[in-house]
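We just call them A, B and C in the order they show up, numbering each chain from 1.
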Amino acid sequence: MGFSLRELADLCGARLEGDGERIVRGPATLDRAGADEVSFLANPRYAGLMASTRAAGVVVAEDAVVERRDLALLRAEDPNRCFTRVVAAFAAQRPVPEPGVRAGAHVDPGARLGADVSIGPGAVVERDADVGDGAVLLPGSYVGVGASIGAGSTLGAGAALLDGVTVGARCTIHAGAVVGADGFGFEPTREGWVKIPQCGTVVVEDDVEIGANTTIDRARFGATRIGRGTKIDNLVHVAHNVEIGADSVVAAQAGIAGSARIDERVVIGGQVGVAGHVRIASGVRLAGQSGAYGDITEPGDYLDTPARPRREALRRMASAGRAEELAKRVRELERRLERLEGDGR
Amino acid sequence: MGFSLRELADLCGARLEGDGERIVRGPATLDRAGADEVSFLANPRYAGLMASTRAAGVVVAEDAVVERRDLALLRAEDPNRCFTRVVAAFAAQRPVPEPGVRAGAHVDPGARLGADVSIGPGAVVERDADVGDGAVLLPGSYVGVGASIGAGSTLGAGAALLDGVTVGARCTIHAGAVVGADGFGFEPTREGWVKIPQCGTVVVEDDVEIGANTTIDRARFGATRIGRGTKIDNLVHVAHNVEIGADSVVAAQAGIAGSARIDERVVIGGQVGVAGHVRIASGVRLAGQSGAYGDITEPGDYLDTPARPRREALRRMASAGRAEELAKRVRELERRLERLEGDGR
Amino acid sequence: MGFSLRELADLCGARLEGDGERIVRGPATLDRAGADEVSFLANPRYAGLMASTRAAGVVVAEDAVVERRDLALLRAEDPNRCFTRVVAAFAAQRPVPEPGVRAGAHVDPGARLGADVSIGPGAVVERDADVGDGAVLLPGSYVGVGASIGAGSTLGAGAALLDGVTVGARCTIHAGAVVGADGFGFEPTREGWVKIPQCGTVVVEDDVEIGANTTIDRARFGATRIGRGTKIDNLVHVAHNVEIGADSVVAAQAGIAGSARIDERVVIGGQVGVAGHVRIASGVRLAGQSGAYGDITEPGDYLDTPARPRREALRRMASAGRAEELAKRVRELERRLERLEGDGR
């Protein structure tokens, strides 16, 4: 649970100056670092903090001038990139469950388990479910009847893949996420709302990440689909029959209504709403809290509710604040005009 | 796990043309259907897809002209309604847990279980809890001390009914929903926020659906109440002492603050916010992302923040974009007026 | 499960008039109370309800004039404060799990349990985890490897503290909350989004409340921090490296993006969005649905998207609606000016 500064220097190809034997327990910013932490200086703006930092060692540029003798330095061409490797090394020390079905896990005899899967206590795998090689099911997670999760994927604590849902390889489904609840569809009748049967499924392709407590509903029929490499943050709602293309990003608390189609490499900001049946073209970026109520066919930045191209939206916002000033000028014009009209009589 | 086309035709009263022995595994749209799927053509706009669809059979209108011989047809007066029955038939094939208390379930000896209940592994039923006939508690769900769930209701994976909460008959509480957490009430004091005790409960009437990861808080005292037949989507927040009437609909990620009263047959769009103590009259429809900050007493469509009647809101939005054009006209007026005033001197 | 009216009168120092032996089962408003409930009259506006209330007893002011003989009265100087004590007495009757590790709980032998902890069935405590004296872990909750929860804290049903996360003393983490999921960070590359390792943690200080299904992500490195006494409602998203000071309040469905710093005693309304890296000063109150996209350095009320000081925002909103009226006046000016210009020729 820690590295010597020498190990870290070797790991990211930095040149070590000073005491390489000191053990550090984690990375930190210069102002926050304690005596058992390693920090970095990439932006010259923070150079002043070098005098006071309590870090054991600091990743700095090749040519950085540092006057303190008590500070070990890890000199690198690109301190940012070097420090990212340092962070990755510590991240790799986070505990990983060992393979095996632990006591307290409930695996139906009719489920298929790949090699080296890890299933925690309280996790449930139902009949006809399929768990790929090396998949990790954390405690309390659920793989429903006929659902599958691919090789190397992780299902977080309490996360649920409901019946028939498919998750690809190398996916991370964070704690509490629910994949495959019924789509929200009801028909109005005289006796009240009658449920529209939801017999479809959800297909999550490879390399997808789905955030904590996010919900992705199953299709009415066919599949709600999350494309390869797409990353979804926490508390996002993806409704039935939505299709999201590859390599898109959906930030926290965004909501995508039924049958919307999000193309590839779309970026959806936090708390954004996308209306039902709307299509969002590849390369569109929707700013936080905006609302897309119609198709967006051109790539670019959009904001506001309803969402407009960024320039138009900013002009409109500026304009909205001008009415007050305009009112003054109109009042002045009216006064002057009245005077002129009086003169003319 | 499948139906012959003949079975489906019989089931929805359609007249079969072509090979009724083919087995189909699910419904699909014309463009997405595979050779083991059944599709439908209701909107003439999609008639062109009939030439290329790979479906085994298609539900069509009585008088539809179809030239392909390889395609089985299910002719019906109302193809939409017929296809809904087909979808329902497949939906009914989704796995239903068998009655019984499975190994790994924890049922307190002081709980009351009705006939034919199904309780999955990891589900917990506490003392004095009451589970109605035929209720289904999926794995990892929780019924707290003295809580009850009515006959024929389903509690999704990991969903929680906390102590004393009451859920009626034929309700569906989806995975991860939390019913009965403390209302959010704190009193400011010199020593910081002091918790206001929340000793009330939640009453969910019959035929209610509550979405995945939705939260419904218990009342400070008395009850937070969800009326009969009301449908609530995913990730919705219903605060303490809210009352929602019968047959209302609340879309995903909407939030209803403390003590708000929503009448019957209200429709609340996605990501809507309703402020505390506000009253929303029967027949009101709040568009997505709008915010109701005062009482709404007349039925009809409302949008914007703060929410206004639809026509007024649209006029206002149009108006907000006009200031720029007005500014130009005012500038022009000022110029012309100056010239006139100069002439007069 | 109930109190005599005499017990309640003693408990809140009220003077009893009438039958003190009647047992009441809970508090209620005057109009809702049943014959086994106790109510209160603090606001003279509701005095009319005294004639019809079915309550067994009512907390009233010292000098209140009440004509009904069948109603027991609890006379108090401050009926509000007295009734709050009554409510608290009933709230204290809510079931509290008894100390002990119940059957079906999974506690790793390498975990440290304090005295008198209560661990429900299906709860999982991993190795190196630390559970403080008197802490309560409800069924299905999860304490990850090396995570800790302080003395007297409660972890709700299905709530998860992931590996290494620290929760202080006397905290309440409600059902379904997830503390310590990975921060949402990805680097764009030619091969798609590459995950930025998240090796930090979450530190929740003492006396914090975290709502149901809320998510608080771990830091990239260092810690996401929730200050002492801060209260967070349901379905809130707190991103990686956010820091919230002491005694702040965050209402339901608000979202705080990465590295934002919220100072002490900030009040964040429901569905508010705070952008990444933004700083919100002590004493700021952000109204519901507003969006803070830049630093806010002065205390006070803010609303709108982007958030502005309350007065400015209200003026702006009023102004936005005026363009239509201005357009009329400009048209009129144009007509009159044209006439004048014609005259001059």
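Convention: contacts are C-beta pairs under 8 Å (C-beta built on N, C-alpha and C of every residue); 3 or more make two chains touch, one makes a residue touch a chain.
Predicted, not measured: the structure shown is a model, and the values here were computed from it.
Participant: Given a C-alpha superposition of chain B onto chain C, how large is the rotation in degrees, taken in steps of 5?
Facilitator: Here the rotation carrying chain B onto chain C measures out at 120 degrees.
Participant: Validating interface symmetry: for the copies chain A and chain C, is the fraction of residue numbers used by both over half? Same or different.
Facilitator: different
Participant: I'd like to verify one number: the distance from the centre of chain A to the centre of chain C, where each centre is the average of its C-alpha atoms, in whole angstrom.
Facilitator: That gives a centre separation of 24 Å.
Participant: Any chance you could list the residues of chain B touching two or more other chains?
Facilitator: 104, 122, 140, 158, 176, 213, 235, 253, 271, 320, 322-323, 326, 330, 333, 337, 340
Participant: If you look only at chain A, which of its residues touch chain C in the complex?
Facilitator: These residues of chain A touch chain C: 26-29, 32, 84, 87-88, 90-95, 102-104, 120-122, 138-140, 156-158, 172, 174-176, 207, 209, 211-213, 228-229, 231, 233-235, 246-247, 249, 251-253, 270-271, 288-289, 320-324, 326-327, 330, 333-334, 337, 340-341, 344.
Participant: Hey, which residues of chain A end up touching chain B in the complex?
Facilitator: Those in contact with chain B are residues 106, 122, 124, 126, 140, 142, 144-146, 158, 160, 162-164, 176, 178, 181-182, 184, 186, 192-193, 195-200, 213, 215, 217, 220-222, 235, 237, 239, 253, 255, 257, 271, 273, 275, 291, 293, 305, 315-316, 319-320, 322-323, 326, 329-330, 333, 336-337, 340, 343.
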